[in-house]
């Protein structure tokens, strides 16, 4: 049953040093507030899973939280590189970070398989790609009915998943709307889960925009809910606020240089309250 | 691109003798009008796939359309047996019908795999069940990561799938709402598809109850759309009409006896117009 | 349907439903079979377990039907659900994904090791009676945390050897779950109109642990197709409370009225 | 960004985008990569192919953005989509399920057999330049009916040997799709700011089939990292029409205005 906690308490309780953590949100509803809380609490040695690392993982990697990153597209969308990710992988700053690299299709299937309680995902994938030569987690199986060779990857089963959503109600049920990405799968695949939300409403079913088949995660499938207003800025929240495109461009300058980056984190994350 | 056809023309064009046909709708939105049209057009030797055969397949089997039935629960829900299915399987009337029997989980996964373009579905299923001893389509594979033994079944890939839905718009996009069952998967898994609908509206996106994540099947993924008002009676259509429970009970008496059944089909299906 | 117990103001059917309902704890997630399990699960929700989460295989998550559904996918289930998902999602994410505490099942036949048969009576190729088949049960029984079973007690149902193992209890020899990874505990109690049974912790053979008021050991022996065992300290099942009976009867009346109309 | 052709009122970038747009036919379903492919696909939709179905990997089905998205999951894409599905559904049902006629991709490196590299320059363990990675491309390239590729022509991009095959064209030897079941046709055309290339039907090696106005063979040779072949009858790419240029420029202006604000 979801417990309503402050973001600080939720991260303190559920994100342990050394844990495998998935923070999802496919360009939309990226849990930045939660990422900043992880940085403030100086979590270390995390295995960070995310299809598109984006700025949130660039910040966490630069701040020294990550030991390993599992991803399928690691760029600053619409801008260029993730300089902190590259600096960690290529130059080992602030320390060496290991990467494990997939395609989107494989990671999406791996989250889906995790949610479905399976140990593996099977897909028509990686045909002719050299990714299997650098990722020993990609194997191939033979279909027992057709003999076709199919790719197999291990299911994603994080220790904790963190996602951001529009609303929760007092019973802890969460609504995700718009681009829903793999958030529901991330929550269901994880042992523990934290959902940050823009706001708490009385009852999702009583909301004017309630729809019988809306993407709702029931409160009993979530560990903790924390209110984090504007919790996904500079990414966006459908029907709440738009993406801060200017900041994505600015980030390129901030993240290019270690000192500029460190100052930015110090001023904008470490010194900020629980809701930066 | 979906073509708007009469139900008669749609069935005539897409349901061929000997075809593999999935008519789905999980207790809700069962495509009865289409089933009756198949009976009227005296289609023969069909392999009928459906998780819950229900009255619609009982009628088609009794009317001689089926050669084989693939299913996972074959009863009259809330009432008892499907007498026509039993008579065909046990006594060979009107001719012998072969059955291939799964669990719901396996069939749901097989539809899902069909929609996902895979040749097989993998599940944690059939452990300790004797169904694999009577269904040679159930195999077991070993997970290459964990060594776990997992069940595998072939994906469902029908020649044609037929489902009923609430609305289509003029571009052929279809809305399914309420209990959505495996209708979307059935349509996407099939080579051809017919969707019968209660009504045609101008534009689904302009409807008052439009929701960004509603279950919508785009017109270009459908072969034909046919209007069939009350097309799922005696089952129901969420927000249109309730289930005719009385008829489900009555059916028990009608279907118990070959002559009563034959008369009922003659009077209620064969003599009815295109919209029985 | 069932006869009223002579000295008591409730039927053996009501005794069964109330006892089955009490097995569900508040807050549990329950994957509900249609019929007796559905009646018991909703009674639990309307009495001691208001926050029990009822899930039906039609995709209706956390549903609160006002009347009992006739079919597993009645409109009532969708209209009162928190949300409704596709049937593949239901079986993949919610059942196989490990979100279900208890699967609540009925059956046509059951044996001493809780194996269930809902497929047929007789031989598979030449059935005497063809039953509906497995439905959701085979995977509910293995993927839910535990399984409750409720059915009427009779020699036709409680058989020495089920004609077909549709759904695993503990296997023909009681060892069917041994060493199987990622499998639920299996059946933990069977509730009938006569008694409550639990599997022996070692052998997994069903043992009567509680007799309903007015029921004798002989009644159970008479209605069971094998030499049924009794626990050393046999309890007496607590009677239904006035409130439980009132809520159950109102529920069934509402249901009858609702379904008579259509 | 690009220089205006001397005698013509359009840039080589515009020439590339217009030519790429023309490759899309009305009614096609197109899985759209961000950047140049997205620009071309939306130009097609706004000109000759109003019913082209644009699908982005963020789950937005049949979207009609008024301005070009910066990221693959901009709000604009969801707000103008017919419906938005989960990312697993997008890759499983829509791409792998065979519903995509054409995948429209960009790339950092490409070789003569249309293999694409978006992973890195240099050695995998000691990269000189680390690129974003595969994203959706590896499975778009094999599961879509065919693939169009668009990128700027330069020796850095058109290399003799890609440093890493992120995404299959026709393999290191041109035979990478031979005998593979259930695989799309692969790349059928490559559109650059200089020319249009297509794979040789036999060898699968890229052949220039059309030169853009004002571009010489030498320009292409100069900008290609291998000995590029030319078709026997080399065509001249038709110029952009006034309407195409107008629509493209309006689209880019609207986009610039929209993104300057945020």
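Going by the order they are written in, the chains are A, B, C and D; count residues from 1 in each one.
Throughout what follows, a contact is a pair of C-beta atoms (placed from the backbone, for glycine too) under 8 Å apart; a residue touches a chain by one contact, two chains touch by 3 or more.
Since the model is a prediction, treat every value here as computed from it, not as a measurement.
Peer 1: Work out the mean Cα position per chain and let me know which chain is farthest from chain D.
Peer 2: C
Peer 1: In angstrom, rounded to a whole number, how far apart do the mean CA points of chain B and chain C lie?
Peer 2: From the centre of chain B to the centre of chain C is 28 Å.
Peer 1: If you average the CA atoms of chain A and of chain B, how far apart do the two points sit, in angstrom?
Peer 2: Chain A and chain B have C-alpha centres separated by 38 Å.
Peer 1: Counting only residues that touch at least two other chains, what does the list for chain C look like?
Peer 2: Counting only residues that touch two or more other chains, chain C contributes 78-79, 84-85, 92, 96, 143, 182.
Peer 1: Please set out, as single numbers or ranges, the residues of chain A touching at least two other chains.
Peer 2: Where chain A meets two or more other chains at a single residue, that happens at 117-118, 123-124, 146, 148, 178, 180, 184-185, 212-215, 238.
Peer 1: Once you draw an edge for every pair of touching chains, what topology comes out, line, ring, star, complete or other?
Peer 2: Shape of the chain contacts: other, as it matches none of the listed patterns.
Peer 1: With touch defined as at the top, which chains are paired up in contact here?
Peer 2: Between chains, contact exists in these pairs: A-B, A-C, A-D, B-C, B-D.
Peer 1: Which residues, counting only chain A, touch chain B once they are in their complex?
Peer 2: 117-120, 122-124, 137, 139, 141, 143-146, 148, 150, 152, 154, 177-178, 180, 209, 211-215, 238
Peer 1: Can you check the complex and tell me which residues of chain A touch chain C?
Peer 2: Per the stated touch rule, the residues are 1, 115-118, 173, 184-185, 188-189, 204-205, 212-216, 218, 220-221.
Peer 1: Please name which positions on chain A make contact with chain D in the complex.
Peer 2: Counting only chain A, the residues touching chain D are 26-28, 51-52, 71-75, 77-78, 81, 85-86, 89-90, 101-106, 108-109, 111-112, 123-131, 134, 146, 148, 178-182, 184-185, 215, 236, 238, 242-246, 248.
Peer 1: For chain C, which residues count as touching chain A in their complex?
Peer 2: My answer: residues 27, 29, 53, 61-62, 78-79, 81-85, 92-93, 96-99, 143, 182.
Peer 1: Of all residues in chain D, which touch chain A in the complex?
Peer 2: 34, 57-60, 69-75, 77-79, 84-88, 90-92, 95-96, 115, 119, 124, 127, 130-139, 142-143, 164-168, 171, 176-177, 180-183, 259, 262
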